[in-house]
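Structures are listed in the sections that come next.
Heads up, the next two complexes both have chain A, just with different partners, chain B and then chain C.
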Partner chain A sequence: MAVASVPHEGQADQLYVETRALRLQGFLLFLVSDLVLFSSFIFAYMYLRNSGQGWPPPGITRPAIALGGLNAAILFGSGATMHYALENFKRGNFIRYAWLLIFTIILGALFLGGQAIEYTTLFREHITWAGSGIFGASFFTLTGMHGFHVLCGIIYLTILLLQSVHGVYDKQRYFGLTAGTLYWHFVDVIWVVLFSIFYLV
Partner chain B sequence: MSVIAEHGGIAEHIHPEPQGFIRKYIFSLDHKIIGIQYLITGMVFLVLGGLLAELIRIQLMNANGGFLTPDVYDEVYSIHGSTMVWLVGIPILTGGFGNVIMPVQIGARDVAFPWLNMISFWLFPIAGLMLFSSFLMGAPVAGWTEYPPMSLQGAAGTSMWCAAIFLVGISSTLTGMNFLVTILKMRAPGMTFTRMPLFCWGQFATAPLLMIATTALAAALAALFMERQFGVPFYDPTRGGSPVMWQHMFWFYSHPAVYIMILPAFGIISEVISVFSRKPIFGYRLIAFSSAAIALAGFMVWAHHMFTSGIAPYMQLPFMILTFVIAVPTGVKIFSWMATMWGGKIHLTSAMLFTIGFLILFTFGGISGVFLAAIPFDLHVHGTYFIPAHIHYVLVGGSVMGIFAGIYYWFPKITGRQMSEFWGRVHFVLFVIGFTGTFLPMHWLGAMGMPRRVATYDPQFQTINDVMSIFSFVMTFAILIFFINVIFSIRNGKKVGHNPWGARTLEWQIPSPMPYYNFKHIPSVYGLPYDFTEPLPYAHLEEELTDSPVPVGAH
Partner chain C sequence: MNVVAWEHILAVAGGIVVFLVASFALRADWKTPGLDNQVFKLMLGLLALGGILATLTGLQIIGKS
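Right after this comes the complex of A and B.
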């Protein structure tokens, strides 16, 4: 039984469909394990918060909710633009897709800028990572980890933008964009939790 | 297992085999080569960890110590435990056997992400070197569990330990994701979940543990590292942190981790016991689903390690009861294996001997585990030699016996040659004698209150410790015989055909050693994997499945 020497058209498509299913599942599992990483630190936060020192611990003022809320709005907005970017790509509106993706990247950068302002404000009040007890430890570790994820997301989305300008993706094959969108929504959802535990409750 | 070779379809895509030495044997993408790399590296660390164990036993031959200083003794048992858990047990059973055998057993050509697989492997020896390099800067001294505040005060090597375990954790996480996707998506046509060999069920139950539990440990390690290097207060009680929090985060990983080390061994045992009893496995579904039940329940029992750590009494009781509950699926397995042997035509090969040894020794370990789950008893023996007795019975009497059984069983498949059965039996007898003499007395020492992890002890325990040390040399000698047998058999073992044991699972239907692409045609499976009523051998099928594949270009 000889084996076909060149995969014909239909076979190549089927191969793509199969590898896409594998990659999608792999990527979702990656997000699950990332979620566990955040959950562990959130567990640490809750454990320390309930260890009887009161919250916020004496001598610490919580970060301003106004700036935090604005920042959250920016990030959630970027989730919406990312969603519509992918939808437009699927429909073939490449120009609109590119602009929406650029907006997403800019909003992500704005979020990081807001976080930088927040950090410097706290530093001015001498609230630091290592020097402010369990508040500093949990706040800066969790928001810093999240900020790092946003930074990675910005880099990832920029790569996706450059790739799609060079025609790597088309209307049938856009797994990279799906993964990017999933990742960005994941970062959003994490911020919902972090915003609630640090600013609201 | 009933199999037909299927022609046509997507399965015909075959990359050409790489020819250069480096691409073929060093940075290989082939799951079989990667699995063998895991096995060899894990065995190297087994030797190193075993030598550390002998240092411990030599030290304990004298009640006043004197062989090692107390500080070095602490370093030795800490690195011994860390090595055996993270560099021997987990990599050999998941990355090693899982890579070599699992994709073939489900009828796939490779794992889902070969590149990721290669990265997983290469993180592992790097992490091992980092762990051992911590001796150069003052190794960790708080045991493999590294409880704060002691681990906060340890020398610089403790931070190196954190980094090394973090790295090997990434390797495990990637392996877990890879295996999960492989088993979910890449089974051959007809290979339903209820037809999957039980070794694959073991891997399937293990993969989520690798993926989820290990990430939780990564967070705990990162926090410990940050506290040690940057002074961020997580665990130091004087600065608002909580040392008990480490114990929660550590055991949330490390209790599932012992199931990571035992579920694949359960899988190996299920394969071996059915083949050498010449009987379909008893209670296939019970064994398969109890693996999943153990994996799930394993996430809900971690605080039974912490009964003496000051957790609230209302929390202790549920953890005790849930731990008792885990004995139920484990007991289901033990009884199913015994029922498999009952009335079977038993072949006492080396692999089968280790399997029977597993059944007996692991049951001992399981029972002492139930003892430890009972709070009143645990309060009495916590921190004594009863704990090492239990952990060695489940991890050496369980996992390591499973590893040996797996190596004797699959050695012909990996190399095309059989290991010496005579020396295999000598290995078995000496190993079990040495093992029992070393670890059985630990139960009594623990009940009498000899504390673990101390370099000196009360002279009344001297005789019993001397006896244990002598038996530990017997065990080491048995392992030496095993290694000589392996090295000798690779070159000079008896050449055997593709299926020397007459097994029915897919890996035995292709030539030994396995060809680069496993199956020329992806097989279609119908029927159960342990159906010994089918005639043997499937000579025609072997040709159908694997006459030399004609590679097509890269796609």
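Right after this comes the complex of A and C.
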């Protein structure tokens, strides 16, 4: 009975085609739920920021704009490399795809390194999550939550790289890579908003 | 040149590259059908915006510190 339920290759392809749209919708719903999570924190931050004293509060220095700008460029650059990694996979250029994916992972790790430097600088100025009022709480919560997403993305992309090296995906079946690219773009786009509200406005 | 100046220069260079790459990708994908491609286009547009923001930040036109 169990043997009979295992689809052969032709059936598996048909199953893939039939379920791809559902999986895509499911993944997009996941991203929307993540967007709601970030949005609630961002709106809470904006409300608190505009509800009283000047911003940043007295005694609090803003994070360094130069490092923030560089870090943003690094993360946005990783979005571009990820996009072209997927495009190269679709065209069958596996070597270029693999290098672009590795480059994306490295850029993601560099972004986290930049964020670690930024946190260290703020800690030295005694700006912490719990001890610096609304600014510290909102900055470390939002950027920390985003950093956690980047870390998850790095692990996710590493798994995708290993899977593709082992032949899990081919030119007809690569939904995992599409989902990974969507996730990484999502992380980039969230940083466009966070970068704007913490460094630019 | 100090570290901050290098950070500005790299932010400008990175921002320009991201803007150009995202714009070209968006142009190339403009007519592709499918839900995933529509989402990709939206995200590439926002990525291009991010590239502009990083460039302007590196040029010290926008941003507060």
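FYI, the second predicted complex is superposed on the first by the 189 of 201 C-alpha atoms of A that agree within 3 Å, B and C clash if a C-alpha of one lies under 4 Å from a C-alpha of the other, contacts with A are read in each partner's own complex, and residues count from 1 in each chain.
Keep in mind that, in the parts below, a contact is a pair of C-beta atoms (placed from the backbone, for glycine too) under 8 Å apart; a residue touches a chain by one contact, two chains touch by 3 or more.
Note that the structure is a prediction, hence the values are computed from the model and not measured.
Shared-chain residue A:Ile106: touches no atom of chain B or chain C. Contacts of A:His185 after superposition on the shared chain: chain C is touched, whereas chain B is not. Touch criterion met: A:Phe30 reaches chain B, while chain C stays clear of it. Of the two partner chains placed around the shared chain by superposition, neither chain B nor chain C is touched by A:Val168. Shared-chain residue A:Gly133: touches chain B; no touch with chain C.
In the superposition on chain A, A:Tyr199 makes contact with chain C only, while chain B stays out of contact range. In the superposed model, A:Ala80 lies in contact with chain C only, and not with chain B.
In the overlay built on the shared chain, the residue A:Leu67 is in contact with chain C alone; chain B does not reach it.
Residues 21, 25 of chain A lie in contact with chain B in one complex and with chain C in the other. Contact residues of chain C toward chain A in the complex are 4, 7-8, 10-11, 13-15, 17-18, 21-22, 25, 35-36, 39-40, 43-44, 46-47, 49-51, 53-54, 57-58, 60, 62-65.
Within the complex formed with chain C, the chain A residues making contact are 21, 24-25, 28, 62-70, 72-74, 76-77, 79-80, 83-84, 87, 178, 181-182, 185-186, 188-189, 191-192, 195-196, 199-200.
Residues of chain A that touch chain B in their complex: 1-7, 11-12, 14-15, 18, 21-22, 25-26, 29-30, 32-34, 36-37, 39-41, 43-44, 47-48, 51, 53, 57, 129-131, 133-134, 136-137, 140-141. Across the interface of their complex, chain A is touched by residues 7, 10, 12-14, 112-113, 116, 173, 177-178, 180-181, 184-186, 211-212, 214-216, 218-220, 223, 226, 230-234, 239-242, 245, 248-249, 252, 520-521, 547, 549-553, 555 of chain B.
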